[in-house]
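The structure follows.
As written, the chain order gives the labels A, B, C and D, with residue 1 at the start of each chain.
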Amino acid sequence: MIIILKQHADQAAVNALRAELEAMGLSIHESMGEQEHILGLVGDTKAVSESWVLASPAVEQVRRISEPYKKANRKFHPADTVIQIGATKIGGGNFAVIAGPCSVESPDQICLVAEEVKKSGASLLRGGAFKPRTSPYAFQGMRAEGLELLRHAREKTGMPIVTEIMNTEHIPLFEDVDLIQVGARNMQNFELLRAVGRLNKPVLLKRGLSATLEEFVMSAEYIMAEGNEQVILCERGIRTFETSMRNTLDISAVPMLKRMSHLPVVIDPSHAAGINWMVEPLAQAAVAAGADGLMIEVHNDPARAKCDGAQSLTPAQFQALMEKIGPEAAFFGKTMN
Amino acid sequence: MIIILKQHADQAAVNALRAELEAMGLSIHESMGEQEHILGLVGDTKAVSESWVLASPAVEQVRRISEPYKKANRKFHPADTVIQIGATKIGGGNFAVIAGPCSVESPDQICLVAEEVKKSGASLLRGGAFKPRTSPYAFQGMRAEGLELLRHAREKTGMPIVTEIMNTEHIPLFEDVDLIQVGARNMQNFELLRAVGRLNKPVLLKRGLSATLEEFVMSAEYIMAEGNEQVILCERGIRTFETSMRNTLDISAVPMLKRMSHLPVVIDPSHAAGINWMVEPLAQAAVAAGADGLMIEVHNDPARAKCDGAQSLTPAQFQALMEKIGPEAAFFGKTMN
Amino acid sequence: MIIILKQHADQAAVNALRAELEAMGLSIHESMGEQEHILGLVGDTKAVSESWVLASPAVEQVRRISEPYKKANRKFHPADTVIQIGATKIGGGNFAVIAGPCSVESPDQICLVAEEVKKSGASLLRGGAFKPRTSPYAFQGMRAEGLELLRHAREKTGMPIVTEIMNTEHIPLFEDVDLIQVGARNMQNFELLRAVGRLNKPVLLKRGLSATLEEFVMSAEYIMAEGNEQVILCERGIRTFETSMRNTLDISAVPMLKRMSHLPVVIDPSHAAGINWMVEPLAQAAVAAGADGLMIEVHNDPARAKCDGAQSLTPAQFQALMEKIGPEAAFFGKTMN
Amino acid sequence: MIIILKQHADQAAVNALRAELEAMGLSIHESMGEQEHILGLVGDTKAVSESWVLASPAVEQVRRISEPYKKANRKFHPADTVIQIGATKIGGGNFAVIAGPCSVESPDQICLVAEEVKKSGASLLRGGAFKPRTSPYAFQGMRAEGLELLRHAREKTGMPIVTEIMNTEHIPLFEDVDLIQVGARNMQNFELLRAVGRLNKPVLLKRGLSATLEEFVMSAEYIMAEGNEQVILCERGIRTFETSMRNTLDISAVPMLKRMSHLPVVIDPSHAAGINWMVEPLAQAAVAAGADGLMIEVHNDPARAKCDGAQSLTPAQFQALMEKIGPEAAFFGKTMN
C-alpha cells in the first residue's frame, strides 16, 4: 500500500499515522521528494482499510498495490481451480453446461425438463425452489417442496442439482444440494456468504448487478476465508443505462476474472439478455472469451413459465444451441463435461 | 396493464393468452386498429408479471399502467405517513436527525458521541454493531456486544437507537432496538424484509446501490405486505461512473419517492459523498429538496475510526452543521424533532 | 404510437390533442376501457416526439410501437448491407480487420505498421491524424500532415485508409480518405453527421460512451437521411461503474444492432478494454457474437506511442491474434476480406 | 505524478522510461522499498499522459497527484471567478437565473416568454435556435432566423441572450450573442471548444451525459487554454440506470466542482428531471448546495412546445418558482442578479 501524504502535512499527524501503522506490525518505507511525500507499507495490508487511511488529516491519497484478496488470488495459486460436482468438472479446460427452468413448478415439469436438457448435453440441472422476486405479490417459489422435487429429478436422471439459497436459516434444507447458488441480490449478504463458507460443498456465486469485479472476488474471498474453496464465479449481466435488454453482459469479466483469480468462471446469458433469441450469440461469445461453463434457462412451455419465461429456451431451442456450443467448445480446446 | 400484441400474431396464441388471463380473474378489453392490436386488462394485475406476459409468442410489448405496489402507494394513501420513534416524529412536516458513529467501538466512544450529538440537536443515535464490510478481513463490528453498548448509551442519554440488522437469525437480538435499519446491500434480501415485516417496529430501509426507485418502493412493499407499515426510506447515494466521490447522491429521489409513496424519506449524505467536507452542502440540499430527515456519521476521532473515518464529522463539525440545518429546516417549514 | 391518457383526463385537452394529431395527417383509433383510455395513431409517426405528446395535460404515458428510424431499420431492408471499401467487403458474411496505430506519428512509423498489419491479414489501415484528447495539453495529432502520411502509406501498401474527422470544416481534407470515422465523442455532433451524410463515401460511426443502441442507430439514420447509406456501426465499449478496465465492451450490442438494423457491425476491442492483453479474448468473443469486423490498435513500439500505448498490440502480438481470428471467422462461416 | 513499477521490472525498460521522462524536462525521485519501486516525477506533468506511461512494460500503475488542469484549477486561482454578462453577474456570491423556451418558435412566442420571465426575475433569456435532436426527423430549430428573433427579443426587453452553438462554422452568426452555450452532446467536441476559446465572450459549458467531473473541467480547460477564461459550468443531469426521470441530477457536482475550480456553477433542473413538477424541488436543492445560478425552461404553452414541453414551466409556474428562489437565495447569502 502506498500512502501519498498532503503537501505540508502536519508533522504530528504524520507521526500519529506512522505509529498506528507500525502498531499493526507493518514496516514503513518513507520517501520524500520535492513535490511528493510517500509512505510505502511493507507487510500484510489486507486488513488495512483505505477509508481508514484516508481519514487521517495527513493523507492526500492511498493506493493499494497488492490486491485485498488472498485465497482467491491467482498470484498465490497460479493453476486453475477445477471444481468437481458428481462426475462433472468445471475449470482448467473442463467446460460444463447447467440448464433447467427458472423455477421448479411441478414434479412433471422438472423431470421433463431435466430429461430433455440431459439428452442435449447439459450435465447439471438448475431449478429455483426459493425465488427472489422484486414483488411480494409474485410467485415466490415452491420452497422446501421445490427442493424435494429437485431431488426427485436427480434420482430419475442422475443429474446433480443446482439451486439458490436465500437465507442462512435454510441451510439444513440444502444439505444434499450438489451446487448451492448464491444469487446476485445476495452477493453482499455477508452472513450468508460466511454460512456457505462453512459448508463442504461447491458454491456458485453470482455477481451483483452493480458489483465491481474486485467486490465480486472479495465476496468469493468471504466464502473461502471460512474454509470452503470450491467457488464458481458467475457473471450474469450488469446494470447499465441501456434499456433494450434486461442487463448488459460484461463479457470482459471473463478474461479479467481469470487473471485476478484461479476460480472457474461461468456465464449466464439468460439473465444477461432477458430475451430468448439473444441467448445463443451471448453463449457463443462466452465460450470464445474463455468461460468455463454456461448456465441456461430452459422451460418446456415458456409462455406458461411462472417466472422468466421471456428469457427461457424451449427444449428444442436448447438442443439447437448445444449443437453449436459443443463444436465451439472443442474448437477452443475445451473438454465438454 | 396494456398488452400490445404482435402484428399478425397467431390467433391460437392470442386465444391461449386471453384464456389464461381470464382464468386469473381479469377481464379484457380488446382493441384492434390498423397498426396495433391491444389487450387492456381490467382487475388487480399486481401479481401479473411482465416477464410472464412477454413470454407469450403473441406479445410484442407490455406496459403496466397501475403501479405494482399498493400499501406504499400514495394514490391509495394520500396523506404523509408520520413515524414515531420515542418522542421523535419523522414525516408529515416533522424533520429529525439521526447521528452517531459508523460502528460502535467501545463504551466510552459510543456514550461520548451520543452525548455530543444529542447536545447538537440529533434526536436518534445511530451506531453499527453488525457491519457489512467488503472485505472478510476488515473489522466486522462488535456484534451482540455492540448492541449492548448501544442500549447503555440509550440509557445514559435517552436517545432512541438505530442499528443495522444483517440476518434473520439475529432478530431476537434486535427486540428492543428502536429503529431497525436494513442496509443497502440487503435491500433485496427478501427473507430479511419479510422477517422485519412481521415485527411491530419502525424500519429504516436503505436504497440499494443500483436499485431503481420502483424496486426500492417494492422492497418497502415487502415489509408492509407482512403487516409492518412503519417504513422510512433512506437514499444514500447510487453507483455511477463518477469516481471523485464514493457514490452519487440522487437528490431527485426525494421528490420522486414522495410522489410515488406516502412514506417518509431520509437522506444519508455521509455515505453518498464518502468525504466529510461534502456532508454539509449535501445535507443542505436534502432539506431544500424536501427530505424528512438526515442520517449523519459522527465520530469523536475520525482518524482512528474503525470504519468510514473519511466521511465522519467530528462532534464540532456536526455542531456547526446543525447550526445551519436547524434554521434551514425552519425556513422550509419543517418542525425539528 | 400508443398514447395512454390519464384517468379522468379533461375532455377539452383530449380534443385539443386529437385535433393536433389529425392536423399532422395521422388517423386515430380510440379505445376506452374501464381502466384505460388509449389513442392508437395510424400513419407516419417518425416526426412525432414523445416529449411533445407527454407535454399534453391529458397524457399519462406514450409508447412508440414502430421504431423512430426507417432507413437503418432492418424491417424495411431485411438483407444485410454489404459495404465495399476498395477490394474489401464488410457485412453479409464478409469479415474484415481494420488495424493500425492510434495516431500517425511519422512517415516511417505509419508505413512500417501498415506493412506489418497487411502481412498479418488486416485489409484496412487505421491511423489518427486529428486526435480528440481529453486534455488540451496532450498530443493533438499531426492533423493535415498526418492525412498526408496516411495517403503515402496507402500508396506503398495498397491498403485503404480509415481516419477520424472531428469538424465539418475539415471535410475538404478528407476527400480521398476511403472510410471516414466519426468518433464516439462526436456520435451526437449532428452537424457533422449531416455533413458526412452528404458525402458519397463509407462512414464508420462509433457508439458514444453512454449512448443507448436506439440513439446509436438514430445517429446512423442522420447520416442516411442525407443520402449516404454506407454506414458501419462500431461498438467500442460503454461507460459503466467498473474501474478495472477503460470501458465495458457491450457484446450484446452485436446481436441487438443486427436485429434492429441491416448495417454492418464492427467491434473495437482495443478501446473497449484499454489493456493490450485483453484485446485477444474480446476480439474472439466479437467474432463468436456475429460481428462483421474488428478495429484494432497496433503500434511498432507501444511504450513510445503518442497515445493509447497501453492498449496497442505490437506487430507480433497482432500476428498472433490474426492466426486465431482467421480460423475462428471460418469456423463461424465468415469470409475473411 | 507517481509511477509504481512492476515488481522485478526489467532494468533496461526502467532505464528507457527514465530517459524519456528526463528528456521531457522532468526530474525523477526514485524510491525502492521491499515491496514497491516508485518513481516520483518533479516538474510540469500536465502533458504526460497516463496511458503513455502505462504502456511501458516496466509500469504497474500510475497515479497523478497534481490535477491535469491548470487555468481552471482553484489551487492556482483561489478566488471565485465572477462572470459578467451585461449587467448580470454570476459567481462569487452573485446568483442569476437564465430562463426561456427550449426553442425559439416565432417572434411572438420568444418576446412573450422573454417579457414574462423578466417580470418574474430572470436576468438572462435562453432560447434554442440550433437544436441538437436525437432524430433527424424532429424539429431542428429555426437556426439563423431563430438567432434573429432572439436579438429582437433582447431589443424589446433588454435581456442578454443565451443560445447554443453546434458547429464552428456558425461562429460568425454568434458574434453578438451574449452568452454562448456549448451543449452536453458537444462537451468533448474539442474543435468547437477551441473555437469558442478564441472568442472574447462568456461560454456556458454543459456537462456531458456521462462525463466525469474531471473530464468536464478538462473541457473548460480547453476553452481557457485558448485564452477565453469566461467559462460557466452547467450540470444538467447525468445518465444512470434510473428510468423514472430523464436524467439523474448530480447535486454533489456543485460542491465538488467548486472545490476543483474557481469557475461559477449553474444547475439546469429542467433537463435533469425532464418533468415540470420536479423543477422546483431540484432548483431549491441547487441553491442550497451552493450553485451560482439556474437555467430553466419556460414556455407559454408547453403542450404545444416544439421540444421539451414535458419539462417546461408555464410563465405562472415560473413566477411561483421565483417567489421561492428569491428568498432562498437570500437565506443562503446570495445576491440575486
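Heads up, the rule we're going with is that a contact is a pair of C-beta atoms (placed from the backbone, for glycine too) under 8 Å apart; a residue touches a chain by one contact, two chains touch by 3 or more.
Note that this is a predicted model, so its numbers are computed, not measured.
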Of all chains, the one whose CA centroid lies most distant from that of chain D is A
Between A-D and A-C, more contacting C-beta pairs sit at A-C
Roughly how far is chain C from chain D, going centre to centre by Cα mean, in whole Å? 26
Give, as an integer number of Å, the spacing between the C-alpha centres of chain C and chain A. 32
List the centre-to-centre spacing of chain A and chain D in whole Å, with centres computed as mean CA coordinates. 39
Give the residues of chain C touching no fewer than two other chains, as numbers and ranges. 210, 239-241, 243
How about chain C: which of its residues touch chain D in the complex? 13, 16-17, 20, 46-47, 49, 51-52, 54-57, 68-69, 132-140, 166-169, 185-186, 188-192, 194, 209-210, 215, 218, 221-222, 225-226, 239, 274, 302-312
Contacting residues of chain C [partner chain B, same complex]: 2, 4, 27, 29, 31, 33-36, 38, 40, 42, 60-61, 63, 65-66, 210, 239-241, 243
Per the touch rule above, chain D residues touching chain B in the complex are 210, 212-214, 238, 240-245, 248-252, 254-256, 259, 272-273, 277-278, 281-282, 284-290, 328, 331-332
